[in-house]
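The next block holds one structure in the form of structure tokens; read it before the comments.
Letters A, B and C name the chains as they come in the text, with residue numbers starting at 1 for each one.
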Amino acid sequence: MSTERGRIRITGFETDHLEEREPDTAREEEYVEPQSMWRRIANRLVRDRLALIGITVVVVMAVTAFLARPITVSGVTVQPFSLAPYDPTATAVGGRHEAPSLSHYMGTDRLGRDLFSRVMVGGRYSISIGLVVTALASTFGVIYGSVSGYFGGWVDSVLMRFLDLVFAFPALVLALILVALFGGGFWPLVGAFVLVGWASYARIIRGEILKVKQNEYVLAAKALGARDQSVLFRHIIPNAIAPVIVQATLSVGTVVIGVAALGFLGIGFDPGTPEWGTILDGERDTLATGDGGSWYWWATVFPGLMIFLFVMSMNMIGDVINDALDTQVDDIGGGG
Amino acid sequence: MALLEVENLTVKFYTSEGVVTAVDGLSYTIDRGEKFGVVGESGAGKSVTALSLLRLIESPGEIESGSIRFADPDTVTRLEESYPGHVVDVEDLRDEYNREKLVSRFEEADIPATELTDNPRHDDVEDVLAAGKLDVRDLIDRGHATDLGLIDEEAFIVYDGDEQYIDLLRAPEEAVRTLRGNNVSMIFQDAQTALNPVYTVGEQIAEAIRHHLDYDDEEAKQRAIELLDRVGIPDAESRYTDYPHEFSGGMQQRAVIAMALSCDPDVIIADEPTTALDVTTEAKILDLLEELTDEFDTAVQLITHDLGVVAELCDRVMVMYAGQPVEKAPVEELYYDPKHPYTVGLMSSIPRIGDDRERLQTIPGAMPDLIETPSGCSFHPRCPYAEEACKQKEPRMVEFDSESVDRSAKCLEYTDDLDEGVGYTVTVEDERRMNEPVSGDQHE
Amino acid sequence: MSLQKFILRRILASVPVLIGVSIITFGLMQLAPGDVVDHMIAANPNVQPGEAARLRQEYGLHEPIWAQYLDWMQGVLTGDFGEVYSSSRDASAIVRARLPETLLLAAFGWVFAILIAIPGGIYAAINKDQLGDDVSRVFALSGISIPNFWLGLMLMALFAVYLDWFPTLDPQTGLLSREMLWWLILPGITIGTAASANLMRIMRTSMAEEINKEYVTAARAKGLPKRTVYLKHVLRNSLISVTTVAAFLTASLVSGSVVVEVVFGWPGLGRELIQAIQLREINLILIITLLTGVVIVLANLLADIVYGLLDPRIRDEY
């Protein structure tokens, strides 16, 4: 080693020829494209057992609800199948409060109607309202929250103040009052729940947008001259949408329970409608009379059980989606 | 014996994508008061090394094999008091087990001698022992003593004549905990995340003091304030009750240094302490670190990717690549006489004013995936001097007989396996005459 | 900023929200088709349609809305919540009688939820991905999926009717009497289950996230025992997100109490609300709705304050 001291220069480390060298076949590096969000979700859903169970249950329930009884739209029979063994509205097809048997899988209710058929058809109300409400509420909420988060400033302040007000009310109570005052039925229920439900989405997306806004690709897009709208929809929202999706799956359950709760309180649908909560309302008094032996358990257990199964399945799916989107670093990728 | 000795450390992470060998056969030593640099790109295994020293590797990571020995007499005495039944006296063992007994033990346990010396030529236990290549002490250090039934699995305090040390990998968790923050402490890369945001900075410093040194609240607070002052934080007393987010980046790093120094450690592991700081602050922090560690005679293991930092602060350096050490040298020798092509590559990538090359020099390619390391020498895909032999044969760490301690490099060039050799030149330029090389060293 | 200033500012910020709540509540009632007079005419055969105008005059319903609003607010702030027409009682009396019952129920639910959720969540986070964690996750998932009215019915059927451990009817002894407290247990558990399930999930997620942070490694590198690291360093940071959710859960507790009170016949404001709705008792509906809004705003305020206590960074942001 030289004993001189001073500035060091290295020559002879020529790397040009390295690029021409053929790749080492012993280890071929495949470029694995990072999976898109949807891919990751689909992946997880398929692999996780709980999610699979959840999806199966939901699909089975939705399909049976759809095929339970014929559906006609303006005189055209859209759905001809009739999986339900009896007409859900027909009374006295069996004795009153018959226990579950082979002819009546879930027994009969207090008017002798077949409970199994009623429960099957009842799925229509819950499932459809759940999905419709979630779709509408999330759409509106996302737009509201996006505008608020993206533009910031006084727009954000005003919009958020209003949001705070909405949050000050308990959702179910408000929905209850709205339906009670303005009338029940499918669309009023949808309207009420959308009205009390959109706020969560708005808050979530706004939070995400505030985070994402800082990111540099947004600044880059703007620097390249993209219009606000385009920046918002093409860059920001796709990246901020993940928690909204999770919230949506979890919300379907909340809405279903909410609608059933209103039905249980006798508000929402006409008595006699085979909506799960309304059925429970009708059968509620059997509890008090039942004493040891004569409790007609099937009348209260099955409708509620349906609600539980559906919501639980939706929540399992939601949970897995949450994990899929949340995955930061589970494993250590290398040393470092 | 050095203060800290790491021998043949291997750490693996069992992930769903495969087994990552983060550290592979790492050996180095640090003397008391010495500044030891660990250099490498990201992904080379430097931080894992640091965490292993403190035994903070958590699942899915595991320390597979190796030995970490800490030889501070006070610590040994202290632990002996708490763990009296866990002591091994090597001299006694040597008396007890003569060569025959050792050989029979070997046969019983069915361990080949090659495993012990890493040299394929040593295949007969008896010869190895006769030649003096293997001693009871080595057996203990490499972990075979327990297999052979020589010592208890829990015996981690070792005495051998004048030497005494703790075997960190065999010590129980409570014992190791008494060392963490006390004898061996760590400075983290990102001071912001290393500090708990909900507690005051002062409290986080005092915490360790109370825990290890058994001070009461008031004493610990006083000492913490002194430390804050010593690391250059103005108005230390009122700063004691401030929260981390109320400190600037440089001050946070100073606070973290204060935290590391709080119990007067024997070794500080500094994991990229200045990477997150701007250049001016970086210079000040490095000065501070040097000053304090000189004053208290604290050894430092400085982990960094910045060769400039190493040049300024370190006495000896180890270069790591893909989880393995590839070169070890005293700092001057590393710069003026690098032996390993990777080191050469690192040096040549530093841009110089007056350089007439058109493009920035880099080492093409990237650090390999540690799950499937390249065959043979892990650097060969990126090495301009690589030959066929390099793909097939893994080089071993070759020690150079020089006046300096621990000068070694891991390249087939030094076991005479290369045909064409490595063709780089190190020129030292006199400050006054920029464009004329004064003298040079040719490596062919 | 000091803690006191922070608290003061949060309190002041709540006031406009409270006012907004009152306005919205009042406005909502006005939008409903028909008013109390219409209802009286429809329900009560003694009241003739021709009397509508006179009745409206008497009840002040002919005044402009903002005047009615101010009138009402004035009453509310002085404790006069209006009259309950159908039973000729004073709304204030009803509220005074029923509010404590509901508060008691909600409080029980709250305490139950916290006692289960926090230790449960901590346990699950520390044992992440092992059996204990999986079990608690399934429990938590079931807890939030079960409709509370159904749970109430099932609990009542099993424990009150079949096993006869609890009464099914109001013992009608004093509010804090042993019989009432015993009766409180089933509805309390019913209302607390969903909240505890939610809280437990948040606690687990929050803590699991925190455990991966660098300050935890730094704390361990200082030689602190795991127990201290978890309970002193990690827990406090984890509780931060839990607090925000906890406040939000108050809303669901309030909603839940409405349904649960009906199921069990618990004599609280929730049950009153349902009856008031059926009878179109505007004043009662108004005041109960306003109260729910107030409770939620207060709960959020409390959560903000606790958040400020836990996280010093927040105090400077506001």
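Keep this in mind: a contact is a pair of C-beta atoms (placed from the backbone, for glycine too) under 8 Å apart; a residue touches a chain by one contact, two chains touch by 3 or more.
Everything quoted here is computed from the prediction, not taken from an experiment.
> Mean of the CA atoms for each chain, then the mean for all of them together: which chain is nearest?
Of all chains shown, the one whose C-alpha centre lies nearest the global C-alpha mean is A.
> Count the C-beta contact pairs for B-C and for A-B, then tell me which is higher.
Between the chain pairs B-C and A-B, A-B carries more contacts.
> Would you mind pulling out the distance in Å between where the CA atoms of chain A average out and where those of chain C do?
24
> From the C-alpha centre of chain B to that of chain C, how far is it in Å?
Here chain B and chain C have centroids separated by 57 Å.
> Using CA atom averages as chain centres, what separation in Å is found between chain A and chain B?
That pair's centroid distance is 51 Å.
> Under the definition above, what is the set of chain A residues touching chain B in their complex?
Where chain A meets chain B, its residues are 1-2, 4-15, 17-19, 24, 26-27, 29, 330-336.
> Provide the residue numbers of chain A that touch chain C in the complex, in ascending order.
By the definition above, chain A touches chain C via 161, 164-165, 167-174, 176-178, 180-182, 253, 257, 260-261, 264-265, 267, 277, 280, 284, 287-288, 290-292, 295, 297, 300-301, 303-305, 307-308, 311-312, 314-316, 319.
> For the complex, which residues does chain B have touching chain C?
By the definition above, chain B touches chain C via 51, 54, 56, 177-182, 185-186, 188, 190, 193-199, 207-208, 211-212, 243, 245, 256, 259.
> Going by the contact rule at the top, pick out the chain C residues touching chain B in the complex.
My answer: residues 213-215, 217-225, 233, 236-237, 240, 310-313, 316.
> Would you mind writing out the residues of chain B in touch with chain A in their complex?
For chain B paired with chain A, touching residues are 13, 15-17, 20, 22-23, 42-48, 60-61, 322-323, 333, 335-338, 341, 344-345, 347-348, 352, 361-365, 367-370, 372-375, 380-382, 384, 391, 423-431, 437-441.
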